[in-house]
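Chain nomenclature is as follows: A, B, C and D, assigned in order of appearance, with residue numbering initiated at 1 for each chain independently.
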Amino acid sequence: MASKLKDVAEVVRTIPDGASIALGGFAIARNVIAVVHELIRQQKRDLTLSQCVMGMDTDLLVGAGLVRRLIVGGGSLDKFGLVQCVNRARENREVEALDMTSLAVCFAYLAGALGLSFLPIKSLLASEVLERLEAGPGAERVRRISCPFTGEQYVALKALNPDVALVHVQAADEQGNCHIHGPKWENEEQAKAAQRIIVIAEEIVPTDLFRQHPTRTVIPAHRVEAVIHQPFGAHPTAVYSCYDYDSEHLELYVRHARSRDGVRDYIEKYIRGSRNFAEYLEKCGGAARLNSLKADPVLGY
Amino acid sequence: MASKLKDVAEVVRTIPDGASIALGGFAIARNVIAVVHELIRQQKRDLTLSQCVMGMDTDLLVGAGLVRRLIVGGGSLDKFGLVQCVNRARENREVEALDMTSLAVCFAYLAGALGLSFLPIKSLLASEVLERLEAGPGAERVRRISCPFTGEQYVALKALNPDVALVHVQAADEQGNCHIHGPKWENEEQAKAAQRIIVIAEEIVPTDLFRQHPTRTVIPAHRVEAVIHQPFGAHPTAVYSCYDYDSEHLELYVRHARSRDGVRDYIEKYIRGSRNFAEYLEKCGGAARLNSLKADPVLGY
Amino acid sequence: MEPVRTTEIMAVAGARELRDGETVVVGLGLPQVASVLAKRTHAPNLTTLLEIGVVNSNPIDTPAGLADSRIFHGATCWSGFLDILGMNLHRGVVDVGFLGALELDRYGNINTTLLKEESGQVRYFNGSAGGNDVASLARRVMVIMRHEKRKLPLAVSHLTSPGFPGGKSRAENHLRGNGPHRVITDMAVLGFDPQTREAMVVSIHPGIRAQDVIDNTGFPLRLPAEIPETAPPSEEELRLLREEIDPRRVYLR
Amino acid sequence: MEPVRTTEIMAVAGARELRDGETVVVGLGLPQVASVLAKRTHAPNLTTLLEIGVVNSNPIDTPAGLADSRIFHGATCWSGFLDILGMNLHRGVVDVGFLGALELDRYGNINTTLLKEESGQVRYFNGSAGGNDVASLARRVMVIMRHEKRKLPLAVSHLTSPGFPGGKSRAENHLRGNGPHRVITDMAVLGFDPQTREAMVVSIHPGIRAQDVIDNTGFPLRLPAEIPETAPPSEEELRLLREEIDPRRVYLR
């Protein structure tokens, strides 16, 4: 079978302005930072991002001004703080935020992954989360319905079928078969809901590894369009069994993210000022720093 | 944590007449034969069985006259033939057969597993399968609806929440954590849809095995009520990585299943005539025969 | 060289309908053989799915059916019905679905549920299983079956899996896939008229007369003025089928 | 022996609300500590779930949050949101859900989305994530938060996760779970009046005066004639908390 290995810049060039993108990251874990950097370098516009729980990935894209709409359950950088760029953009109405819940986003992905145009849910009812959706652009994604059998009231969620899913995984083969170690959060549903799946892998492994453990294949090759090989591609966020999050760099980012100027400086120095991800990793301390983050083989962090 | 290991007779005594049971078998693979035998020995009545593809398990239960209703996608004994007892009971209107499709049964289980009272599907439309359901007792399980967003027509399937799910797995711990090797067909959805999960395991393994490979846990302990340890408990059907199906015995069964008398004789000799599963296995050739069925460690069959 | 068998012509006809890069839900037997042949010739990037939860398996021993571990062998992914029938077929990414049939009528409707004997007695078979799902949802449906008058009636005695019910379009029937595309029999390859949606002859196998086909079909069959002959297998295709894919003649009887 | 800390009283109060054999969706911090304490004492068969797809993990290092690999450690199952929030919480098998809150009002409605400053400026926080799901679906909801007037207003400035909106029953609000059961603060344990569904005092922690509680609550708080004191931790509970569960005082500050 033909290899789907591609360079990150080459892949990002195929993502048009206005694209809807499902991000596979969660808070400070498995964020697709390498692709986020390239999206910023190529100055994409008017992106729609969807994610159960936003992390540094979404915060950076919003901070760089690439995002028109968010469809999310929540957001956090864990102990490092809030998604400050996202919240600032919300507070100043610079982004259209469709705030749902983690399960609502997950069910909308599931509907998309199953080829269903909608799925019912019992969350959201009797909350301002639903009222705000109904009062704004979110109105097109929710309807109050009742069960045709029991009459029970539900919120119908419109399926999410993003143009592209970007998922960072520990291991993939050149055809796109993927292993994810640790919790998968919404990765399987969001990937299978998307029109195009782009995988960023820490390691490229032989297809025989998937033949040896077929039950562990989370995303199968035939659904995957491209595989980007980028070790430490999620830095400074963590990848279970590969490396820990980089506390120093996350703290540095959070300090910058407090103000518009700070974010601009961060983006200039670490992203636009780097020709590629390797250069960024050098600025973060290079091999020495990265080695210090490597996961303990037993603990996985 | 307390052990959930129980004896098959003890467990089957807790299953009342009229119970709805989800069966984890598929054609001639991973049928819960040990439990089927005990259900027959204890002469349960008026059972409702659900399954994507019926195998020897359902055929035996119907042949023994224990079943009032079937909710199924199809049935087969692969190259060994048709589910003759089921088909004879259908032909003579001795069983209420709600014939759906494999995906419809799977979606009904999924709805049940997600706590949704219904799920839409695009199968069944413009078919006599749907017409027959609507014309009979199946009418309570299907409704024609349209998507609140797109207007597209769907069939709404009523959730399946069986009283009990019986699933044969390769390995479980005493608390009920389960590994299933090979394809899972509908096992995860049907188990999580059921009110009670009863697992039959070829092997009891330590909980640490699940802690070592947490991504492989298909059914988690907290949902499981009882674990029955019964090596070769699926005989004469196959269990991937443990043993192959027993062609001779399947052919013998199929010959008996051709007629009511034949099935009666089979049940008398092999089931009612055996005090327990060990006695049945002896009648099938005992250790020598079973060893000849053991799976090749590389091929898994 | 041994004369070409009808089953070989059928397998090759099936293989040639598959395009490189497509995703196919296969059944046991000739569909499996046709897919493997396509993979080994013009479609190396074909993905084969089994409804029970198997992706790209590569059996080295002959399976007794879909539940036989032999058919799981060499797969790159093991999942379940929800993944294959739900997240692939219902999702809309399955290009081709292969089906068998007890009966197939002029509108490509399929019966796999029951037959009615003259006595009026009904005899049941396997039912739908994934058949109705595949017929409702795959982009193209291909049926492989024997060419007999009783198996190709004007109307099926039970409509298990829809083709173009009532001769109406898929949209009018609220169905997603494009419906039946080819019916490959031991006499001919049939297609469907885009206007009337009735079965018509696409090609007739070498050595078969048009009259044979008409006589063995239970519904009026449209024939083109010039009837093409089904392209015979190439030497390489025959070599692959006979030496590599089914050397023991399990399916290519 | 070192005097009992408020955080220890809170952890113990939380632990005692959990029954053996129950399934609990926990968050980081005190809920986690309370669950572990319950497991080590009266509830060895407690099952703890993390919304991201973790069952019965047993961290040995202090996690920075839900996304920190440290919190996955020792789990018997790793799945995802669909399994934990869908096939457990939405399925209806979660007995207890622990939540935090920016604000909680007299009907147990929770705000985790935003705060409005005097200037009228809105400040956003984490939003719902799984919070609204847990509040809508868990059989019993337990909130652990600091006891401050501004955090316990008459009505939340944004109703993220419903308790008893409008003082109406869960059924009238079309919600499945039974709603808020206990609010454990650093001053008291609150419950909800089954008739009026308003928050009321269940017990007050040792050393706290009723007036302190009233003064630090933004809504009229019903107090029983005889106000029970929150039962203090036993020596064994203190030993477990201090020596085994949180020896480095990360959460029990």
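As a convention for this text, contacts are C-beta pairs under 8 Å (C-beta built on N, C-alpha and C of every residue); 3 or more make two chains touch, one makes a residue touch a chain.
As the structure is a computational prediction, the values presented were derived from the model and not from experiment.
Visitor: Measuring between mean CA coordinates, which chain is farthest from chain C?
Guide: Chain D.
Visitor: Counting C-beta pairs in contact, which chain pair has more, A-C or A-D?
Guide: A-D
Visitor: Could you work out how far the Cα centre of chain B sits from that of chain D, in whole Å?
Guide: 40
Visitor: Quick check: how many Å separate the C-alpha centres of chain A and chain D?
Guide: Roughly 29 Å, centre to centre.
Visitor: Can you give the whole-Å distance between the Cα centres of chain C and chain D?
Guide: Each chain's C-alpha centroid was found; their separation is 58 Å.
Visitor: When you check chain B against every other chain, which residues touch at least two of them?
Guide: 115-116, 121-122, 152, 182, 184, 215
Visitor: Spell out, as numbers or ranges, the residues of chain D touching 2 or more other chains.
Guide: 72, 78-79, 86, 90, 137, 176 - these are the residues of chain D that touch more than one other chain.
Visitor: Which chains are in touch, pair by pair?
Guide: Here the touching chain pairs work out to A-B, A-C, A-D, B-C, B-D.
Visitor: Tell me, which parts of chain A touch chain C in their complex?
Guide: Counting only chain A, the residues touching chain C are 1-2, 113-116, 177, 192, 207, 210-211, 214-215, 217, 220-223.
Visitor: Show which residues of chain A lie in contact with chain D when the two form their complex.
Guide: 26-29, 52-53, 55, 72-80, 82, 86-87, 90-91, 99-104, 106-107, 110, 121-129, 152-153, 182-189, 237-238, 240, 244-245, 247, 295, 299-301
Visitor: Considering the complex alone, what residue numbers of chain D touch chain B?
Guide: By the definition above, chain D touches chain B via 23, 44-45, 47, 55-56, 72, 74-79, 86-87, 90-93, 137, 176.
Visitor: Within their complex, state which residues of chain A touch chain B.
Guide: Going by the criterion above, the answer is residues 115-122, 140, 143, 145, 147-150, 152, 154, 156, 158, 180-182, 184, 215-216.
Visitor: Chain B touches which residues of chain C in the complex?
Guide: That would be residues 50-54, 61, 64-70, 72-73, 78-82, 85-86, 89-90, 112-113, 121-133, 136-137, 158-162, 165, 173-176 of chain C.
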